[in-house]
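What follows is a pair of complexes built around subunit A, which joins subunit B in one and subunit C in the other.
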Partner chain A sequence: MFHQTPLKTATVLLLAGLAVAYGLSTGFFGLELLTEVAILAILAIALDLVAGYGGMISLCHGALYGVGAYAFGSATVLLGWGAPAGLAMAVGGGALFAWAIGAVTARTHGIFFIMATLAFGQMAYAYLFESPVFGGNDGLPGVPRLDASALGLDLNDSLTFALTCLALALLAYAVSAALLRSGFGRTLVGIRANEARMRVLGLPVWRHKAAAFGVSGALAGLAGALAAQHTMYISPGLLHWTVSGELLIMVILGGLGTLVGAALGAGVLVFLKHEVSRFTDHWHLVVGLVLIAAVLAGGRGLYGQLEHLWERRRAARRAPPETPAPDEETTGHA
Partner chain B sequence: MLEARDLRKSFGALTVTNRVSLEVARGERRVLLGPNGAGKTTLFNLLVGELRADGGQILIDGRDVTGLSVDARARLGLARSYQKNNLFGGLTVRENLSLAAACAQGRARTPWADSLSDRGVAEAVDEVAQRVGLTELLEVPVDTVPYGARRRLEVGLALAARPRVLLMDEPTSGIGPGGIHAFHALLRGLPAELTIVIVEHDMDLAFEVADRVTVLNYGEVVFDGPPREARDSALVREIYLGTWDGDA
Partner chain C sequence: MTADVSFWIVQALNALQLSMLFFLLSVGLTVIFGLLHFVNLAHGALYALGAFVGFTAATLAGSYWAAFAAAPIVVALVGVLLYWALIRRMRSAGPMNQVLVTFGLIFVFLDVFRIGWGDIALGFAEPELFSGRSELLGVVYPTYRLFIIGLGLAVLAALSLVLTRTQIGAIIRAGVDNDAMAACMGINVERVFFLVFCVGCALAGLAGAVAAPVLSVTTDMGTAILIPTLIVVVIGGLGSLKGAIAGSLLIGFVQTFGSVLAPQLAAILIYALLAGVLILKPAGLFPARG
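Let's turn to the complex of A and B:
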């Protein structure tokens, strides 16, 4: 189950501190990267919430991200609404779309769940790709940024926007962590561990899974709205399944089911991609090799491995626990 | 309290539950006996809704629950334990019991309060852990506790669900005499108003705890009566021990 351990808190603070320090010391290109990392960190946290803790490996989070971006873009560009309304549309639209997907797919498992989410995502992608209302393949340009001048913030300034995205990533982490520490989150972990038993204990499992997917969709919608404001342009490419695939790589690389690892994975993958692509066009190859190495190293991911080593060290420092007395009742097998 | 009327279930040509009728009164201890393959576990699966019956009716407190889902039946107070451990792997004993207690107390879906530290849930966990003898192992992951403790946790999960009707499928399977003795004590300590149906192969235990015994064979009820009659029944002995046909 999720526990906000001192190591987790330290890692979150360290990553946030590093990001702020990097933002304050870098130029325009670095701030663009930082913004991308912060937005993808929100999206990766959204995915880890359902995949890492609920066992729902989704291949439609790219679509939820895109739906958020399109909801924001449509509200502001097509309907002429203000950015706050657009933001609400993005979060609400992402949540609603995700809840619907969750409600339909909640009774499927494993590969069938993955394929069902993939199908939903690709349907949304194909619809927007073909839809002239939303600009088809050309997408929608001229997406405005939120006016936060009342708070004394100019979000058209790259540093301010990057730090705002970073603050929202921290908020997304805090909300997800709080949810995972609640009865709702504990039950979600119970579903991942033994869905059938949760049902026999009286839980309407599909409703719980759909709700969790809805929360994840709200976060993905928020990330989409930020992405739309970041580039001030949206296109169907945001919804493509490859975005979902890359997200999954981030989460696995950082540590599936660790929450902070998802954000770390987003940072590592974005910077790795940009650094490697300076030397070769075949950056995918390098990313692939890193992912294979991460999986072969135990599948814990970067943060998961750190946590594992930390726990081992702590266990070694402690006096060996008293071995439980041999079970005098035992005659069967586990 | 719990009633099955003319329950039927087949898998293809194989009939595993053949017009089974059963009526268990509130607070009754009913033991289900029968050889392997008699359909005892299938009957449990039908009663809790994990299998859909081909025909017949299931009633809890007079209410027809035949069409209800597994979780809806559980919310009416029907709980079960399994013949093979069916726990929440990777979690501690406390976390396992908390999940069950939180479901029973309506804390499983609250997005603002931690069910693990909820007072009501924690008290229920401590009480059940004490009852099934797991207090010392509460913080230990279930995958590392001894087999006997896992069997007790299996029953503990069902108890933490605060059932009104408890179905226990071979709760003592795989544990030695010490464990069976402890299970005796556990059963004796359960509230008198709790209705219990137990599938059990240990005859001494079965006859000691049962108010009434139902014997299944080939999916049919072949005996239903007090334990003394079951013990004296030639039919029950024949089903359990078999007969030797000297002319064959």
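Let's turn to the complex of A and C:
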């Protein structure tokens, strides 16, 4: 179940503070990285919402991200409706596509769910790859950024854009946290814990699963619209299943089912990739080994491990020293 | 073009050849799924490893048959290493962790191939015995592709004989059906798992070596074939030989005829097929467990 613990709040504030400090002190290239991290953090939070709390391990979040980017791109470049309409279409399109996937796949579980989401994601990828309307394999260049001069912001400035993305990532976190603390969020966790029991209690399980997937899709669509504005170019590569795979890596590196961990994982993976590529071309090897090590180490992820240690220390402090909790050691290895 | 009978025959043979390649890969994957409940995304990487090892063996020995012999053995040995180092520990870790660990393996293998063999597409010649073309049903068709079809059918026949007619086959089927009960009956399920995993890896390596002369050997060949293979396995139903056959034929024919008859739709067709099967029959067409 989701709790906005003091540790979580502190981590969110620390990460946001670090990101702002990094943004203010770095140059153009650092800002590009920071923007990428902020956008992927939104996407990772969206994935953690369904994977960590709903038990729905999705391999189609790359596709939802891409659908958002293409919705924004077609609204601005192809239809000329402007960026605000593009944003709305990206969020709405992502939500709608995700809701449909969630509704159709609600009956499948485990590996079948993973494969079903993969199938829908790859369908979207294959369609956009072939479709001449959306530029096919070449993608769509010349995507404009939102004109926010009414708010006194110039989004074509790297720093402003990076900070805007960061603010939106915080907003995505706040929305997800609020949702998980609501009755709907508790129901979602209940479905993950025991779907049969929730069904027996009279809950329309599929509707909750689809709705959760829809919300996740809306966030992913937002991330896609931001990514389209960031690089000002979109291509079918955004939708490929390996993007979804890398997202899962981020979530597991940071800590599945912690929300803030997903954002942390996005930051760690982007900077790890960047740092490793300075020394060698073979960043895949390093990331692969780090991932395997992270899962073998217990799969809690960075934030999950921190939270685990924190809880253990608090439990130890609460228990009187002469009678240590007998199962403390065993739970440590569970 | 489409009115010509020979067109249909050639395309059917192409489809059959692709199906057999899928079969060699998916049969190992499906039994590993069914028996070990293990999601091995690295199966495609093992197939690519088979192709690379085959390339080296064929170049060193100057003969295709060196590749044919070396690839399954080397890949099975790598499978043994993987089993002891990773797979055994990940057995009960849930699909999420298995997907992640084997996804990590894909990354590791990708760079190992790039370090070991470079980024350039490689290839080696088919055996002289099967080079050239031969006539079949009134069409001229590359002999080597007929060899692939024959090999696939031979493996299929051997596997179905072993699975249905021998004691080890009965043990494997029992393990897929209910591993706890099989263990209670005194079967060393762990050892059966290990054996099956090695055979699955060897077949993946064999598929790589067999496919190499037809398709070129590239670092991303494993990822490219992984998704269709997974689709075959899921459509067929986890753990069943019948499912692997049906899925392979279905995907092989849909993909081949899709790309000649409706090129725009071809890429979407197999995913639509998968989605349709999962919605109508969430456990696949021929699930091993009823």
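As a convention for this text, the second predicted complex is superposed on the first by the 319 of 334 C-alpha atoms of A that agree within 3 Å, B and C clash if a C-alpha of one lies under 4 Å from a C-alpha of the other, contacts with A are read in each partner's own complex, and residues count from 1 in each chain.
Quick note on the criterion: a contact is a pair of C-beta atoms (placed from the backbone, for glycine too) under 8 Å apart; a residue touches a chain by one contact, two chains touch by 3 or more.
Just so it is clear, the structure is predicted and the values come from calculations on it, not from any experiment.
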- [ ] Considering only touches as defined above, state whether A:35 meets subunit B (first), subunit C (second), both or neither.
- [x] neither
Open item on the list: With both complexes superposed on chain A, which partner does A:130 reach: first (subunit B), second (subunit C), both or neither?
Closed with: second
TODO: Please indicate which partner A:194 is in contact with in the superposed arrangement: first for subunit B, second for subunit C, both, or neither.
DONE: first
- [ ] Applying the touch criterion given at the start, work out whether A:1 contacts subunit B, subunit C, both or neither, answering first, second, both or neither.
- [x] first
Open item on the list: On the A-aligned overlay, A:176 touches which partner chain: subunit B = first, subunit C = second, or both, or neither?
Closed with: neither
Open item on the list: Quick one: is A:105 in contact with subunit B, with subunit C, with both, or with neither? Answer first, second, both or neither.
Closed with: second
Open item on the list: With both complexes overlaid on chain A, does A:235 touch subunit B (first), subunit C (second), both or neither?
Closed with: neither
- [ ] Report, in rising order, the residues of subunit A that make contact with subunit B in one complex and with subunit C in the other.
- [x] none
Open item on the list: Which stretch or stretches of subunit B touch subunit A in the complex?
Closed with: 48, 50, 69-72, 74-75, 79-80, 85-91, 95, 98-100, 102-104, 107-116, 118, 136-137, 140, 145-151, 157, 161, 173-176, 178-180, 182
Open item on the list: Give the list of subunit A residues in touch with subunit C in this complex.
Closed with: 51, 57, 104-105, 107-108, 110-112, 114-116, 118-120, 122-123, 126-127, 129-130, 241-242, 245, 248-249, 252, 256, 281-282, 284-285, 287-292, 295-296, 299
Task: subunit B contact footprint on subunit A (complex, rising order) - done: 1, 179, 181-187, 189-190, 193-194, 196-205, 208, 211, 324, 326-334
- [ ] Spell out the part of subunit C that touches subunit A in their complex, as residue ranges.
- [x] 33, 39, 86, 89-90, 93, 95-97, 99-101, 103-108, 110-112, 114-115, 223, 227, 230-231, 234, 238, 264, 267-268, 271-272, 274-275, 278-279, 282-283
